[in-house]
């Protein structure tokens, strides 16, 4: 019974994780860039939710739209204006660049919002679902559902829209796509923007569960890493699989080792994966 | 011309403690320490082209190995050597585990190792003092004498590191590493045992850093996990090398000096925002100085007679 | 005379595809042997397996009396096997001289970088690239890059040289020069296995020819014998043409 509860907890968490990782995986898979700013993007999304709820009364599940717009513009501009200049450069260059950008961004967030932890406290919490002894807070369940829905939306966009097909084309073969008339640099900017959107909506949705502070950037970033390596790069399904898996592993790991070691646990898992099976569970090779 | 400049710099560094005050000496000792870090990173990152973020791991391991040794009665200089050796052995083992990875995967693996080590050290309270850190006894020497003692010790380490870098650069190992960097498949085919070469570079990137870590512990008398396994210890040397031009022998030192000078200026003027300004500096560096300072042709700014 | 290279039952799969299927042949010292076959026949895979880039799933490879099928590429190159790549693989930021010196230093075991560079210059003179010694490797024309590949392989002091389509993309004059070089190599005592599409090269330079098709060896012998072998004709031109040839001959 306990095991089932832990499992359910893990899956609920995992749905959220899938949403977090989907955007990160997209940028890594298509642009071959590790977006170190990702954690801070998530946090910006959370702040959008927090402030729109406290000052405008808009429920976080609705303010995802606002977060999406804000982050898309932000992400698009960063890619178009800055990162696009070095997009063909070696890993070291792009990694150091996004690292520098993150230092700038995170410091700005700290100065603007201070390091204080904030939480969105809903006036009308949804209550608890009791499934024969297994307890799931409805807010968390709703969060997970929304997260999965948004992830599914990304999947649909990638497969059904013209822009989406363009992104997939660039991921498969950049030169061929360019020869076909795809404006690669614009696709890059849109992709980065989409990645930022996913981060923002994840943050918005999560604001109901996790405390908000610029200090959390590393936590989210690391989770995104692990999920991408677990599930394989560049595909939404991979992020889904990886996210659910990590959620379950963390849940059980928290039970066995204690919650304070959760992050270390995922790191050790990451290292073991990288050493023995970098292609992850699904076995699809990502970009190097 | 270059040799003259280097010679002057050397002499300047040697006589600095004679007229500088303790603050300047301390600052310069830090500069030299960071030079050692960036020179070391250059072995694996600059020469071999593998983006290693493991410097913090080596530094932290060296710091704790040295500190724990000292607390068990080992004399200070020996403790420093132990720090270097522990880091080197760890690098050999880690290298065998992750050097077959490329690009991002290698970078992340090397980065995450420091976090894991930090957490292990944090939890192993019996051995390492855990989150409360380790206190080392202060040397019973005059403050001024101490400052100079540590200065010259670190200077000696830096000289050793430079000699190692120069030696590697001009010999078979350096040549092989450069081949690996430019085309690893071809390097394999041409008779280079890339595993051994890469691992050697990785170990070289660790041994001096480990020593520096142990030195640091003795110098500041107190270490804690978050301090010596700080991710910035991995990132700053990389930025310094990029600033000064990767793959050269002197570049890392130039980069370290300039970076730390800038950082000191920034720190004094932007207290709350200094990390952000550093980030901005990094961004500008990548965008506008992609090959580093030493690659810039300064002669373009000076008109020389008959140069057209 | 003992063969210098011996393949016995060598097989290599990639997923569901069998790239090499039970291939066996001998190479005798000082021979120039041609390896031909339609695209996708497994020729480059064969070279990759011999040089250690891939391990065979079955079978043995013996070089100069020693089993090499489980050795790593760097060991095999030190034993005396060198190869050229179809898509030339230089060290782009190094000079032509340094590229060749790398071969002398690591595979041939030169004592120092200086002596490696001296040997490198000799090899550059042999292939006719000595004037470009200090140019960066990335600045060469295609024909010169092929010569660089050759010089690099020679610097490795090989007993066996595997040439993978060295003549692709060259004009007739350059091909003749290339042929001249290859014959010169054989005279120096190096055994050569040459993968080729150009019949002219195969016919004039090779003592023997081996034909691969779908990973299997379908013919072996002198160039003229192989050229009239019905199985070879069928492989290249299809079974209808082969049947036509047969009926014409009757």
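Here are a few things to note about the model shown:
As written, the chains take the letters A, B and C, and residue 1 is the first residue of each chain.
The rule is simple: a contact is a pair of C-beta atoms (placed from the backbone, for glycine too) under 8 Å apart; a residue touches a chain by one contact, two chains touch by 3 or more.
Since the structure is predicted, the reported quantities are computational estimates derived from the model, not experimental observations.
Both chain A and chain C are touched by B.
The chain with its CA mean position farthest from that of chain A is C.
When each chain is reduced to the mean of its CA atoms, the one lying nearest the mean of all protein CA atoms is B.
One finds 50 Å separating the Cα centroids of chain A and chain C. Work out the mean CA point of chain B and of chain C, and you get 45 Å between them.
With centres defined as mean CA coordinates, chain B is found 33 Å away from chain A. Within chain B, no positions touching two or more other chains are listed. Within the complex formed with chain B, the chain C residues making contact are 51, 53, 72-74, 77-78, 83, 85, 89-94, 98, 102-103, 105-108, 112-113, 152, 156.
Across the complex, chain B meets chain A through its residues 45, 49, 51, 97-98, 101-105, 107-109, 112-113, 115-116, 119-120, 123, 235, 238-239, 242, 272-273, 275-276, 278-283, 285-287, 290.
Of all residues in chain A, those touching chain B in their complex are 28, 32, 34, 82, 85-86, 89-93, 95-97, 99-108, 110-111, 222, 225, 229, 261, 263-264, 267-268, 270-271, 274-275, 278, 287-288. For chain B in complex with chain C, the touching residues are 170-172, 175-176, 178-179, 182-183, 185-194.
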